[in-house]
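What follows is a group of structures, each given as structure tokens.
Here subunit A shows up in two complexes: once beside subunit B, once beside subunit C.
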Partner chain A sequence: MAQILQYLANGLVFSSIIILGSIGLSLVYSIADFANFAHGDTMTLGAYGAFVAFGVFGGLGGTVLGLPIGFFLALAVGMALAAVVAVLTHILVYKPLDTDSIGLLITSIGVAFVYRAVLQASFGTDFLQYDIRRSGPIPVLLDTLDVAVTQRDVAIIVSAAVLVAGLHLLLQRTTLGRKMRATADNPDLARVSGIRTDRVILVMWVVGSALAAAGGVFLALYSQLDPRIGFNILLVVFAAVILGGIGSVYGAMLGGLLIGMLHELTPLLGDIGLPISNAYAPAVAFVIMVAVLLVRPRGIAGDMT
Partner chain B sequence: MSALDVGAYSPREKGVAGLLGALAAFLLLAVVTGFLAPAYLLYLVGLSAMYMLLSMGLNVQWGYGGMINFSVAAFFGLGAYGTALLTASGSPISGGVSPVIALFGGLGLAAVLAVIIGYPTLKLRDDYLAIASLGLAEVVRIFILNESQWTAGSAGLTGIPLFFSDWPVLGDLTYPYIFYVGGTPLFNMSQSVVTSALNVVLVTAIVAAVYLFLRRIHQSPWGRVLRTIRTDEDLAETLGKNTFAFKMQAFVIGSLIMALAGVFYSHLVLFVSPQDLQPITTFYVWVAVILGGTGSDRGAMLGGFTIVAIQQGTRFLTDTGALPIGAAPLRLMLVGLLIIFIVRLRPEGILPPERELIWPDSLGGGRDE
Partner chain C sequence: MNEHDMRSIDRRSVMKAAASAGLIGLAGCSGGAPEESDGGDGDGGDGGDGESTDSSTESGSDTYTIGMVDSLSGSLSAFGQRNQRGKEIALDDVNAVGVSGGELEISQQDDQSTSQGGVSAAQTLVNQEGVPLLIGTVGSGVSTAIHESVVQNTDVVQISQNSTSPNLTNFPDLLRMPPAGKAQAEAISALLDEDGNESAALAWINNDYGQSVGEAFIEAYDGEIVYNEPHDQGQSSYSSTISSMSDTDADAWVFITYQPEFATMSQEAFDLGVTDQAAWYGGDSVKGPKVLESAPEGSLDGMKAVVPSVPQDAENYQAFVSEFEERFGEEPTSWSAYAYDAVVVSALAIEAADEFTGAALSEVVRDVTRPEGEEATTYEDAHEILANGGSPSDVDYTGVSGPIDLDENGDPVGLLQVFEVVDHAYESGGFIEG
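Up next is the complex of A and B:
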């Protein structure tokens, strides 16, 4: 039982990362209408941006949840960097293209490679770590529930929750959010209604990429940093978006939660005697994704935006 | 190669042929002057031909049928692993089977996988097919990486024999092999040169056979239906065609060609590992196809050649130490930029299909293409 609780706790941390990634992917899918294969590498880009910034602000101020204040500043820098790069990519690469969604999809693979090549050339392929001391599990939870959760895990979950709540408020309570939802729902109708969809698309790139970057930073914080982390997790993020229903931001959140949990619950299959090791966690996510595509291609949240 | 038969062709086609000719002359010069080992040049020719095969395989799926298959690496890898597991001395399950028989092991594995991947995914929308096939290819790679009791895992398979190792004459040559013309010794060839040359002969035969086969089926009614499906699948359905069956057939044929490339690769490099199944292999082949021209087999050949030029050129450039960037990121950067610029500037590729779609007879002079 404690074992399952432990898996669920890990799942919550991993879900937080996947959710941050899946929101941006879903936004691009619904507003720009293509499967963005560069999204994973946008996550990596944010993680490296924060890594460099943390080198500058590292020693700053006290700590929140075991993480220095400087780390949160670095996180903001990473998010801003990813947003700027994504907007530039949109203006320089995607926008001038006269092609269909498949052409955009193929182009985004090229963009992904260029991002990764730049990171690999600048930082090498060695594993890097944010220079933050790892602390042990929180004693209270370890004693009462026998679950090992570090302060860092809690920080990831809380930060992701804050970001997601912020997005929710943006979408539901602001005019900009209404414009975004309208554009995602029906771009042509939005345009004739007087919404400047060009600007909405830019905002969408900013929001999606910044959240992806946050996901990348937390992923690097959770495990480690190398130029492939984003691309390696991209398919899992796709699985979450498809499970949630392409084009639905809230669906993507739900899908991210489920896929993250299932990913971390994979060892359970081994525990009950199936010959499926931990290494198959991504494979489990992909198989679920294909199954969803076959049975219910609209995903669990359908067309809800 | 067909890119070289210059006849009444467009300036662009002549340009491509001229460029390839110049490159061939340059490489020959490099060999004559001793800059490039002959065996290495032959190895590169073999590798280019392997990428040509992969590109032609993808061309059947994407170029003819419009199916976005991102699991090229999986079919290539299964072809390679299929033959390696049967023939290699280091194989954990069998080993020692003749390569000619093992060839069918590799093809069989790929055919089975093609049906397994194709059956659920070919009914999907184009972009879902891309994501799903990439995911399933990763499942194959993860399987090979982790089931080391069958596949030797991350260590990879060693001790793969040469394709001709157990053939009557070719298997028992003595080295250095001296080539006589009229009683006078003409060439004194080392083992590496002879084996590389034999590999080139083998792959040239495969490429030629596949090329002719594809040209034939592309021009057949079957190919016509497939092109209709690519343009408008609903139209094909309305005409009473079972589009799923046609797509499945094209998917399996393309996958078999990719597996053939994998089999050849095994016996060329004599080592396979899960690294060969990385998604980057898939995207190399995609670059080759869209660069050459979607739907064009001559374009696929040009594309295959370009990929090897990128792979080897980056290695050469970084070996000279003239660049501040490693070979791997440079290659990634070039491939990425190529993709972006092709879609932007020449979405139809360098040698788009033109005459390939027309029966030679209907061109007037009855000239064969």
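Up next is the complex of A and C:
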């Protein structure tokens, strides 16, 4: 039982990271209408941006959720950097390209390679760390529930929840959010209704990339930082987006939660006697994704925006 | 209604696109993305290579160009970077003396630590640049992939600078510098027995290296194996592996994996509070400065590692160390020494061979490392024997990494060293002949 709780706790942390990644991917799909393969490397970019910024702000005193305040500043810098790079890429590459969604998709793969090449050239290929001490499991939870959760895990989950809640408020409670939803739903109708869709699209890139960067920073915080972290997790993020219903932000959140959980719950299969090892966790997650799509072809939340 | 139709068509085409692009993506994760294989690495073949290969057939001051595939990026880049330094020193040592009256040049390609990257790198070197001798590479699966798809059935000589998988023994023409992983696995198992561990949990990386060393360990170990599972390379999280290991009551945990993967696992084990549950053991990948750097202070204390090693008291190794320290400001690892020897052995083969072709080189490359001939511990000494009319079997090059003495299977005689982590630093616990 304790073991199941532990798997669920691991899953929640992993899901938080996937969710942050999948929202941006889904947003970009719903507006710009293509599957953005540079999204994983946008996550990596944000993580490196935060790494550099943490070198500057790292010394700032005080802690929030067990992490230095400087880390959250660095997180903001990483998010801003990713947003700026994504907007520039949109203006310089995607927007002038007069091609269909497959052409854009292939272009985005190229963009991903460029991002990664720049990071490799600047930082090398060895793995790096945010210089923050690991604290080990929180004693209270370990004693009462026999579940090992670190402060850093809690910080990741809480930060992801805050960002997701913020996005929800933005989409539902603000004029900008209504414009974003309208543009996602039907760009032409939005434009004739007087919405400046060009600007809305830029906002989408900013929001999506900033959230992706946050996911990248947490991913690097959770394990370590190397130029491939984002690309390595991209397929799982795609699975989450498609499972949730591509183009739907809330679907992406739900899909991210499910895929992250499935990924981390794979050892249970071994515990109940199925000979499937952890190495095949991504395969299991994808099989379940396909099974769900067979029942609900438009994804779990395919009809919502 | 119309809009609904549009959306479902969209979804279908996106699924198709995502699936096909996913294949490309998968190739990037496990097989190696082809994107950077030519050019991305600054050290790659520069323009002059083609000409220099041609000019080597002329007499006078020739340039002999050989190929090198190395892991400059990806999971194994830590090894690749060490190789680069060893290679650099070896090239200077060789060219200070000269090879067959000419110069040695190395045309290099990155394999990105993946089989696909390695094969395309080797294809560039062998098929386009026409090198007769190829040094390559780090990952055992990558080395064998290169051998099977590029080198086999040609007369090109391949020397792996870092691969330790027992599987390479099955390819007699695939030579290597470090001792086979079988000896390493047996040494780890002997350590477990010695320390009185009656059961072990084994986590191995899901590739050629992990599988073969893991199997060799299982074969050698007398105790009970209570957990025996592979894990994939390059995953973001291994907490499920660690959680399942901690769910067993194994006395010892054995890690046969790579450094970034192990670094993630050790951090997650710390986060889960299970680092003290069992004694930890591992191969090469659990010993590296980055591994300690990324692990919380003291969390790895007591862990033991068995790694291919170098004869630390030998005079030529000492000279290599001081040269290395002068240039790079730190001590070399054995991986640098293997790369150094790979280059020197290649140069000696060129010196000893009648002509600069794969067929001629493969005839002599083993002989220059074997006993019976006069022992030479530096390139200069070995070169002198050959230059004075000695035949290939008159030389027994003993490298900075050990006796070498390549056997019929292309495996060297090497040394293994045991390390234990004490006060968050590696301490040597003696040598074993492998």
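The definition used in the following text is that the second predicted complex is superposed on the first by the 296 of 305 C-alpha atoms of A that agree within 3 Å, B and C clash if a C-alpha of one lies under 4 Å from a C-alpha of the other, contacts with A are read in each partner's own complex, and residues count from 1 in each chain.
FYI, a residue touches a chain if its C-beta (ideal position, glycine included) is under 8 Å from a C-beta of that chain, and two chains touch if they have at least 3 such contacts.
Please read all numbers here as calculations on a predicted model, not as lab measurements.
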{"item": "Superposition on subunit A - do subunit B and subunit C clash or fit", "value": "clash"}
{"item": "Partner chain in contact with A:A279 - subunit B first, subunit C second, else both or neither", "value": "both"}
{"item": "Subunit B versus subunit C as contact partner of A:F127, first or second or both or neither", "value": "second"}
{"item": "Partner chain in contact with A:S101 - subunit B first, subunit C second, else both or neither", "value": "both"}
{"item": "Partner chain(s) touched by A:G270 [first = subunit B, second = subunit C, both, neither]", "value": "second"}
{"item": "Partner chain(s) touched by A:S193 [first = subunit B, second = subunit C, both, neither]", "value": "neither"}
{"item": "Residue contacts with subunit A in the superposition, subunit B compared against subunit C", "value": "C"}
{"item": "Which of subunit B and subunit C A:T150 touches, first, second, both or neither", "value": "second"}
{"item": "First, second, both or neither for A:I229, with subunit B first and subunit C second", "value": "second"}
{"item": "Touching partner for A:V111 - first (subunit B), second (subunit C), both, neither", "value": "first"}
{"item": "Partner chain(s) touched by A:Q172 [first = subunit B, second = subunit C, both, neither]", "value": "neither"}
{"item": "Touching both subunit C and subunit B, counted on subunit A across the two superposed complexes", "value": "35, 101-102, 105-106, 109, 113, 117, 120, 124-125, 231, 235, 238, 242, 277, 279, 282, 297"}
{"item": "Partner subunit C, residues of subunit A touching it in the complex", "value": "3, 6-7, 10, 14, 17, 29, 33, 35, 37, 101-102, 105-106, 109, 113, 117, 120, 124-127, 129, 133-134, 136-137, 142, 148, 150, 152-153, 186, 219, 222-224, 226-229, 231-236, 238, 242, 246-247, 263-267, 270-271, 277-279, 281-282, 297-298, 302"}
{"item": "Complex interface listing, subunit C residues touching subunit A", "value": "3, 7-8, 10-11, 13-15, 17-18, 21-22, 24-26, 28-29, 33, 35-36, 40, 72-74, 77-78, 81, 206, 229-232, 234-241, 243-244, 247, 259-260, 263-264, 267-268, 270-274, 290, 293-294, 296-297, 299"}
{"item": "Subunit A to subunit B touching residues, read off their complex", "value": "34-35, 93, 96-97, 99, 101-103, 105-107, 109-114, 116-118, 120-121, 124-125, 231, 235, 238-239, 242, 277, 279-280, 282-283, 286-287, 289-290, 293-294, 297"}
{"item": "Residue ranges of subunit B touching subunit A (in the complex, touch as defined)", "value": "68, 120-121, 123-128, 130-132, 134-136, 138-139, 142-143, 145-146, 279, 283, 286, 290, 325-326, 328-330, 332-333, 335-340, 343-344, 347"}
